[in-house]
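Should a chain be cited, it is by its letter among A, B, C and D, assigned in written order, with residues numbered from 1 in that chain.
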């Protein structure tokens, strides 16, 4: 983080150049969290512990990522916690897997399925860079089967998630949650009906609207522009 | 969980009576997660691992608790994860501390400040019952000082949270988050202005609206009734 | 209107009794707008000109009525004005016809179709009582044909509105609007697709959420409870 | 309206050029509503009766105009109808006055106050062009007094509307409405408190969110972008 509060993602093994000056390779290698580094222009950088969001903002992405408010709804509604075991498909650039990995910690585990090899590669790189060990990227089609059992949460962001609900049911522990992200109401409806047929319980379809308030000298008001929709979330257990 | 999916919170050390029959004290003591227990009326109960939400729904409460959607916004926006250290005030019945404790896990720690002794007692009981070891209930006024340092997240649900922002700033690690719950816009405004004066960064005031969709034979629609407002959340780091 | 601001709907031809005293039949007959009437308990009542909303709030109803916010959306989006000609089906208790009649005035005309005789009777009584002359209640099934032409607005609150879109198209003037109220998204979708097939233009599906703010001594906030959904409105011209 | 449904605002007294060909001055002068005009490129134009919205979309504007959803809320909540008498300040380009004029019709009257001469001129031109006779543009400061009495609706879009609430109270008929547009919550609060002090009744602060649904081949969903806020509306009578 520089003196202005701007954050950077640094690779240890090379020189780092910014408009506030150069940080040498040797400085990078020695730096640990809490250190202050001085550039050749005499500007200060602090080495901070990044949150998972800091990292996701700066990491390599080639596909859209689930927005924060929807991740929040999944975390809060399923009560995901440290030590839990999660399945996630498809991986994309790995953002949601990183969110889950961040929560479940060392004693938990995330298995993330991605059918496309290029995305799986990006995701692996991102996860390595974040330095988390509890996420296994599986470059395989989740429709061909789920290898894991006794899972606390299965999260699906797939075009036809309902095709694998029977497998999901077998993979979940008793009381575990299935959460489905569906941009279209039609997908959410089909997911709901099939989950019901398969005797899932606690079926809920949610949508979240987030408003940001602006504090200006003239007064306070919600922002003029807002995200009108990101997707529906279908939950069942 | 009974055959209908209804969940119960069981105390190991006594007989348990339901409309589906009695479970004896000996049965209760021997039961572990995954077991099936048969009542004297020949009904099946499954022993399941409760999520933090299952527990909070059934635990003892004497005050209102933060609603799930707001907890989700806090978790998602601050990127809280396993191993993090959190301060929370006021504790109330302990629900929000349990949510944080559930996420930060064994390697993390939650310090929860509660000025009222009766609430602190309820919270301690609830935390013991849930069986989590990483939450310290502190029956003291957070306005008299914060004992901890290098904290990842401070969450305040107090009438005048801004009175302690200077102390919060000292307690937070570089890059750590302050999150404030404020039911009234006026509180959120003051919190925002004071945080700005104290050079907090990334100031944001958010409000979340959650809609539930109904699937009926006639068609699909949002539910007629919804929660119109729970509170504003002020974030800064 | 009594001294507390409470409004009453008075029938001229009989004595009126309230908790603030009795108003005699003779007083009722003589009263005109602007008058002050004194009850036998010496309380004041003012005779006021009711708005269409005052009237609808107090009139006889046996069915649910479209909520105000949706009427507002129809009025604003179609630009309905004095002198316009409107078709409305089904009538119900006549509330929406009264709203339209109130706007189109003496030079305009509302034709309201209602298949059920009992509703048509209630609607006629309500319209007579409000004292408006520009609404014709037609106790006939609009599916059997629309008698009118050169209509500025057709408003449909029917289970399958799309069955009569071809007839509606013939009834509308060039540039006139069709507005459909649909509680379920499925109805709105079908209406949209059929309108598109029939070459209607300016197709839009809207939904409105209304929030009320509370001013309390402690501060300002949106109300805790709000209407989560009343219906979708499909517009085309 | 051309063959594609695009609408144009035509001046009778001159030749009209489009990418679909030229319409001669003589053709323009002869045209009446319902006519079809052929351009020199043999394209058809229909002469249609514009709604007030068609007109406002195409008229001259130099300032922002109140958005449709808010006009709808004012119309619906106050029950404005043909024959009513309205005061509106400030006029701006005249859009809201046109909306009111359109509803109150020949037997009603709109008095619109505008302090700036340039806006008052634009508004007069727009109103003349729309061809409505019931709007009087008053190029005077409404703070210096209200000339009218027995008004059904006063609508204020001013920075400090509350400064003239006493005058408004005198101008309103018993049971008439004051509606205030306030972009900031702070203005709405002050308006509310002062209205209360002045014994206005039925005080309400509303805010409306409008969502548009998208029908795509893949499915149905709310649009990604929406207007997050336009303003609060304060009502009292």
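What we mean here is this: a contact is a pair of C-beta atoms (placed from the backbone, for glycine too) under 8 Å apart; a residue touches a chain by one contact, two chains touch by 3 or more.
Note that this is a predicted model, so its numbers are computed, not measured.
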item: Touching both chain A and chain B (chains); value: none
item: Labels of chains that are neighbours to chain B and to chain C; value: none
item: Equivalent-chain rotation between chain C and chain A, CA atoms, steps of 5 degrees; value: 180
item: Copies chain D and chain C - interface residue numbers shared by over half, same or different; value: same
item: Distance between chain centroids, defined by C-alpha means - chain B, chain D (Å); value: 48
item: Rounded Å distance, chain C centre to chain D centre (Cα mean); value: 21
item: Residues of chain A engaged with two or more neighbouring chains; value: 185, 211-212, 220, 222
item: Overall pattern in which the protein chains touch one another (line/ring/star/complete/other); value: ring
item: Pairs of chains, among all present, that meet the touch criterion; value: A-B, A-D, B-C, C-D
item: Contacting residues of chain A [partner chain D, same complex]; value: 183-187, 211-212, 216, 218-231
item: Chain D - residues contacting chain C, complex; value: 1, 5, 34, 46, 48-54, 68-69, 71-83, 99, 102-108, 152, 173-175, 177, 185, 188-189, 192-193, 201-202, 204-213, 215, 220, 222, 232
